[in-house]
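All remarks here apply to the structure that follows.
Each chain gets a letter, A, B and C, in the order it is written, and its residues are counted from 1.
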């Protein structure tokens, strides 16, 4: 783990009309770390993620990635910067095959406006797509239609697509949503493996899962940063216990 | 430009704008709630003029004819919604659009078959003909009537939407269709009425415009374009936008007709282009209302 | 699936047709050209066959933006019409030869699609159709008013190309058969280019954006720019069709620029099957043949078109070729 923050947010805020989803969030994320963001429903976790992945523009505040201010960057620049997100609700290319989903995601780094070459000429993209599918355990299903995949496999494909642009920062929005305990454990193993090569930020609901693997935890509540620190500090944090553990986990 | 000339042009623009307001209101109502761009809007406008002409011939009374038009056209619209448009819900935003276009063609040729291709006369009633003295200038009485009627319709619509429970449902539905459904409202009935009301407004615009524009089968063809331009400027789904943009376009056409008659039609497209450059969602459009 | 098919007794033709359809799909340009090469001998008369070629090309260009990129444009009449006027005016008014006129038409349409496309792609979804319609009507009005250059309401006359000299051969295109095969040569070349574009990385980008625009942007694709480029490419093909149309008719009617023409090409694409390679040509064929037959019987062609539109949308949204390939793949 290096000492330079790979991502910094400063006084980040997001308002939708009269409703404040996120207010005055300041945090740093260090290169190579695995940080989890937790909080009750409606705490602003997904909004935060949407802001740092470029899906939403902040109402206030700044975002810095690798010391560069990216607050005003449009959505399509983020993958090129090295930030990729897997979505909370599976968000794939429905009519394309599993392999093509990943291949076309990878192609964005290589060729976006080439109207003349044949796609097959870009063999390295196919190779890369197959490698990524193998990493998430979907190699056998490469030619299947997305709609025929089981839910857990779709979540894995989500991650493969996000990895296609070889991101320095990987954002995973509730990767274990809807998974059985075994699938969730397998997913966590995958995430740990991925963390060896890149910084990971996780939004999760299942406290027990993230406590074990995170370097740091951020707790959001009503759009504000309630607490941050190592898992043990969070576990014993009084306000966190009251807010979060007061509801059934 | 002298004050009285300026006001004359302004009032002419408001009269013209009134027609645009009614058209754009109908279009935005239908879009706001049903997410449908009604490509038959121009033909319902034409239908309104024809129904008005026939009602006038049948009943001999302009006011009764005026009342009959939105009722008849609205009823036809509800039939169309129930049997042609409703089966398409959930199938993607393009299908209802395309269906309404086909419906428009059917209306066009049906009118040609039933009423001939030449067009029919539609005189304004005597009480509304001639000009009224507005102090600084004389203004055609019928055009004044147009402005007044549109203002009354706007008032009635505002009252209905803001002050009645049904209006509340419509406003809520425009903001979030799912919630309204979950709350147990008969959404199908709402869609039916809104579509009917939307095309009724177009029909009303048609019969009101008839004494000025005449009544002929092709009258609705360019109207579709005008309605779209106004709606893009005002912001699709925004009723306030429909009103502001309708009047703005009417006034713009009026003034450019005076100074640069050749380019009067072009001026509204330039307006639209400016809106698209600087505020693509329209003056009052919602940010999330697109795509 | 198989059990159901057997119960319906339809297994036989499905099993036999599937491999054939597969072969046709893989060598689509060649298959289309072969069919079109023998087609004039099947068509009732050659001028109709030429129209089918031209409108097939127009519909193919339109299909790029609608079927493949997923954007419903109601303004392609402007691109077709500007291709026609852009080729016709230089030939008729300035005596330019055909091989200059044709590319001029394409370029005119291309420039228009750069402008219209820029404005249109700033609007998403539902707006796109309205904006493209409105902008194409601007072109209509301008051409309508500019009587000295374009002939205004009466259309452009005098686009006379009696013969084409190519590779030393003097080919008189007054002969409809010669005209057909010359135009086929150009259309075939266009089809080949079109096929390359679809098979290119850009083709994959268009598909991805059509499938899931948000995800495509998250992957790093500039959605607006892609759509703009797709619109321009679409306009170039439509413009070429328009230029050929001007040469074919020797006149350019003003109606080519009216939004009714935009609806016609949309109808053809739907009829044949949007997002399929053969659909547009098939659709053009069916539409023009139908029009030919119906207008002999009645003048109320719009009623038929409107009804066809409604029936298609309600019951047959995949179109003819689209439905065939869908059944064959089951």
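In this text, a residue touches a chain if its C-beta (ideal position, glycine included) is under 8 Å from a C-beta of that chain, and two chains touch if they have at least 3 such contacts.
In this text the structure is predicted, and so the values were computed from the model without any measurement.
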Least hop count linking chain A to chain B through chains in contact: 2
Remotest chain, chain C as reference, centres from CA atoms: A
Separation of mean Cα positions, chain B and chain A [Å, integer]: 47
Centre-of-Cα separation between chain C and chain A, whole angstrom: 43
Distance between the centres, which are taken as Cα means, of chain C and chain B, whole angstrom: 33
Residue numbers on chain C that touch chain A, as the complex places them: 196-197, 199-205, 207-208, 211-212, 214-223, 225-226, 229, 233
Parts of chain B lying in touch with chain C, wherever the complex brings them together: 31, 35, 37, 84, 87-88, 91, 93-95, 97-99, 101-110, 112-113, 222, 224-225, 228-229, 231-232, 236, 262, 265-266, 269, 272-273, 276-277, 280, 290-291
Interface residues, chain C side, partner chain B - complex: 72, 119, 122-127, 129-131, 133-135, 137-138, 141-142, 145, 213, 259, 263, 266, 270, 300, 302-303, 305-310, 312-314, 317
Touching residues on chain A, where the partner in the complex is chain C: 53-55, 74-80, 84-85, 87, 91-96, 100, 103-105, 107-119, 122, 161, 164-165
